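Both of the next two complexes hold subunit A, though its partner changes from subunit B to subunit C.
Entry: the complex of A and B
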C-alpha cells in the first residue's frame, strides 16, 4: 500500500513538473517574440486555455502569425482570444475526449463560419474515427467559395456514406478542379458528391483503408 | 533599305536619355534588392511552354512563326545558409524559330537559331546573345551572324530596355544591291573612228556583304494581362542608307495558352533576332502555346506562382518540403512549425526547391512566398483562410512510417 502511495505521489510530482516546464517554456517564447503588454495578455489567455485543458500551441502560433504579419497589439490579442473561444467551442461540439488535432481542425472550421452542429453531426457519423481530414476538407471547401451549408452537407453526407479520408481528399480535388474550370462552387460540390455517391459501393470497397493511403500527406 | 517614317534623332535622344538614367540606377539595385517581379520573364519560353506558334495577318500578307526553346542551365544557387536569400539567377536559353511570309511565296520558311544568356536581378537585367539566320522579309539581308547585348531596368512601373545588335549580313543576288565593276572595252576602228579602249561601269546583281549596327530603346508597361510596348531604333551600315524605325505593340493574354498580339509600325530582322515575341510589321495576330505553363505567361512575369507542393514526413519530427516553381529567385515558407518565421528553401534542378523543417505530426498552417512577394497558400494543399496573414494551406502531418 505504501509503495503504491509513493508511486502516485511521484507521478503527480512528475506531471506537475512537466506542466510547470511547459508553462515556463511557453511564457519564455511569448515574451521573447511579443511586446510587453501583448505578451502579458496573450500569456493570460494561454494560461486560461491550459487550465481548461485546451491545446495551447495554436494560440501561441496565432499570436506569432499576427506579429509576423504586422498586426497591432489589440488585433493580435483579439485574434488569440477568438482562437481560444473557437477551440473551446470545437471541443464542446466534438466531445471532450477528442484529440487535440481534431479540436484544432474543428476550431478552424468554426472560424471559417461552419456551424457548431455540423461538427456534432460529423462526430455522430464517425463516432470512433478521426475527424481531422473531414474537418480540413470542410474548411477548404468554404475557403474555395462553397457556401457553408452546402459544404457541411456535402462532407457529412459523404462521411455518412462511408467515405474514407482518401476518398474525401479525392472529392475535394474533383470539386477544386471543377471550380477552377469555371464551375459554380455550390453546383460543383453537389454534382461531385452525387457522382461519388452513385459510384460509392465500388469506391468504398477500393478505399477500404489501406494503411499506407490513410497516412498519405495531402 | 527602306526609309522609315520616324526620325532618327528622336530614337537617338530616347536611347541616350535612357542610358543616362540607367547608369546611376545600376548601383542602387546592388545595395537594396527589392521584391519585384523578375524581368525578362515575358520573353522566356519556359513561361509560355516549350513550343509556341504565332500567326499574324498583315495588310497584304500572312506571317507565321514557330518557336521552341529550352533552358540550358547555368543557374547558380546560393546555398550558404537557409536564411540567406537565393539570388544571381543566370539563365542560358537556346531558341529555334521558323517563320514564313506569304508575301514571298517562293521562299521556304526561314530558320533562325539563337543563344541568349541572361543575368536578372529583381529590378534590372542584362543579356548577351548570338544569333544566325531568322526572319528575312523583303528588303532584309541574309544574316550571317548577329551579336546582341542589352540592359533592362525597372523605372517605377515601367520596364525600359536599351540594346545593341551587330549584324554581319549578305545581300545575295539582289537587284536592289547590284555589284558594280569597271570593264575596259576595246572598240575596233573604222573609217571615222580610230581603234581604241575605254572604261565602262558594269552593274549587275551579285553578292554584297556589309555590317549593320542596330540600336534600339524600348519602354514596356504591364497592366494585368495587357502589356503595351513602344520601341524605336536605327540601323546603320557601310554603303547602306540609315533605316529609322519604330513600332508599338500590344499583347493580351487571353487564356493560359492563347495570347493576342497587335503591332503598328515596323522593326527590322535584327531587332527580332533576340525577341521571338515581336513581329516585323503592322499586324494582328495570335500566339498559341499548347503546352503552356500552369500560370499564363504574364502571370509568371508579374507574379510567379508555385505549381506543386510535396511533403514527406521523416522520423524525428521532421519533414521535407518540396515546392515547384520556375523563374523565381527565392522561395520561402512560414508556418506555425517555424513560429511564423520565414525559412528559405534551397534550389534544386528542374524548378524544384526544398528544405527539411522541424514539424511534429498534426495539423499545421503554412504559407509560401516567392521572390519576396505576397504570402500565399501553397498549391494543392487544403486551404484555411482564418488567419491574419491571408490565405494559408493546411498541412496534415502523419507520423512517419517505419
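Entry: the complex of A and C
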C-alpha cells in the first residue's frame, strides 16, 4: 500500500512539474508577442483551458494570428475566447477521449456554424476512426458556400457509406470544381455525393441509405 | 541500615563444590568444543564474502521500492517548492522573443538541422505581380516575415519546401507583407475570426493527404 502511495505521489509530482513548465513556456510566448492587457487576458483564457484539459496551442496560435492580421486587442481576445468555447463544445460532442487534432477540427466546424449534433453523428459513424478529414472537408464545403445542413448531411452520408479519407477529399475536389465552373454549391454537393454513392459498392449504398429507403431493398 | 555481609566467611562447603562444578563446565566448553572452533574459523575465513553480500544488498536497496512515511504538510511544502522551482526554470528556459519557425527558403534548405524533423511539404502559389510571398500559420506563430517563399525564376510561381510536424495546421499566404490569401489548392478553414479565410493542411504522412 505504501509503495502504491509512493508511486502515486511521485507521478503527481512529475505531472505537476511538467504542467508548470508548459504554463511558464506559454506565458512567456504570449507576453513576448502581445501587448500587456491583451497578453494578460489571453493568458487567463489559456490557463482556464489548460485547467479544463483542452489543447492550448490553438488558442495561442489564434491570438498570434489576430496580432499578425492587425486585430485590435478587444477583437483578438474575443477571438481567443470564442475559440476556447468552441474547443470545449467540440470535445463534448466528439467525446472526451478524442485526440487534440479532432477537437481542433471540430471547433473549427462549430465556429463555422455546423451544429454540434453533426459532430456527434460523425462520431457515431466512425466510432474508432479519425474524424479529422471528414471535419476538414465539412468546413471546406461550408466555406465555399454550401449550406451548413447540406454540407453536414453530405459528409455524414458519405462517411456512413464507408468513404475513406481519400474518398472524402476527392468528393471535396469534385464539388469544388463544379462550384468553380458555376454550379450552385448546394446542388453541386448533392449531385457529387449521389454520384459517388452510385459508383460505390452496393453494400455501402444500403448502409448509407436512410432507414425509410432501406426497407425497400429486398 | 544493614550490616555488610562477609560472603566468604559464611560460604558453606556445598557452595564451594557447586562453584567448582560450574567452573569445570565452562572450562570444558571453551577448550573442548572443536566443532565450535571450526565454525568460528570458517566464519572468519568467509568474512570478505559476507561483506560483498552486504554491498550487493545495499545496492539492491537503492533499486527496490521502499516504503516511507511523509507528513502531508511536508508533502505540500515539497510540492510547493517543486512547483516554484519548475516555474522559475520554465521561465528561464522558455524562448523570450518569438522564435522564428523552421524556415526553408528553398528546396536546398530542407535538410538543415533547424527543420530536420517533421514531414516534408511543399507550398506552391501563383501570384502574378507579387514581389515577395511568405507563409504564415500555426507552425510559425503566424509570423508574416518568418517563412518566405522562393520565386521560381520564371513566371509567377512561388514555392516553399519545408517540414511540418504531424497534425492539422491553419495557414495563409502573405503577399508583399500586406495581402493575406488562402491557398487555392487546399481545403479552407471555415471560420473567419479575423476577417479572412485560412487554408488547412493535414500532415500525417499518408499519401494524398
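The definition used in the following text is that the second predicted complex is superposed on the first by the 194 of 218 C-alpha atoms of A that agree within 3 Å, B and C clash if a C-alpha of one lies under 4 Å from a C-alpha of the other, contacts with A are read in each partner's own complex, and residues count from 1 in each chain.
Here, contacts are C-beta pairs under 8 Å (C-beta built on N, C-alpha and C of every residue); 3 or more make two chains touch, one makes a residue touch a chain.
Since this is a predicted model, take the numbers as computed values, not measurements.
Chemist: Quick check on the superposition: with subunit A as the shared anchor, is it clash or fit for subunit B versus subunit C?
Modeler: After superposition on subunit A, which the two structures share, subunit B runs into subunit C.
Chemist: Does subunit B (first) or subunit C (second) touch A:46, or do both, or does neither?
Modeler: neither
Chemist: Looking at the overlay, does A:167 come into contact with subunit B only (first), subunit C only (second), both, or neither?
Modeler: In the superposed model, A:167 contacts neither subunit B nor subunit C.
Chemist: With both complexes overlaid on chain A, does A:156 touch subunit B (first), subunit C (second), both or neither?
Modeler: neither
Chemist: So, does A:125 touch the first partner subunit B, the second partner subunit C, both, or neither?
Modeler: In the superposed model, A:125 contacts neither subunit B nor subunit C.
Chemist: Have a look and say if subunit B or subunit C is in touch with more residues of subunit A.
Modeler: C
Chemist: Considering only the touch criterion stated at the top, classify A:61 as touching first (subunit B), second (subunit C), both, or neither.
Modeler: Both partners, subunit B and subunit C.
Chemist: Please indicate which partner A:28 is in contact with in the superposed arrangement: first for subunit B, second for subunit C, both, or neither.
Modeler: Touch partner of A:28: subunit C, not subunit B.
Chemist: Shared contact residues on subunit A for subunit B and subunit C?
Modeler: 29, 33, 57-58, 61-62, 64-69, 71, 75-76, 79, 100-101, 104-105, 108, 111-112, 132-133, 136-137, 139-140, 143-144, 172
Chemist: Under the touch definition given earlier, write down the residues of subunit C that touch subunit A in their complex.
Modeler: 65-70, 75, 78-79, 82-83, 86-87, 89-91, 93-98, 136, 138, 141-144, 167-168, 170, 180, 187-191, 193-198, 200, 202, 204, 206, 208-209
Chemist: List the residues on subunit B that touch subunit A in their complex, please.
Modeler: 311-313, 319, 334, 336, 339-341, 362-363, 365, 375, 380-389, 391, 394-399, 401
Chemist: Over in the complex, which subunit A residues touch subunit B? Could you list them?
Modeler: Touching subunit B: residues 29, 33, 57-58, 61-62, 64-69, 71, 75-76, 79, 100-101, 104-105, 108, 111-112, 132-133, 136-137, 139-140, 143-144, 172, 212, 214-218 of subunit A.
Chemist: Could you please specify the touching residues of subunit A with respect to subunit C in the complex?
Modeler: Within the complex, subunit A contacts subunit C at residues 2-3, 6-7, 9, 12-13, 16-17, 20-25, 27-29, 32-33, 57-58, 61-62, 64-69, 71, 75-76, 79, 82-83, 100-101, 104-105, 108-109, 111-114, 132-133, 136-140, 142-144, 165-166, 169, 172.
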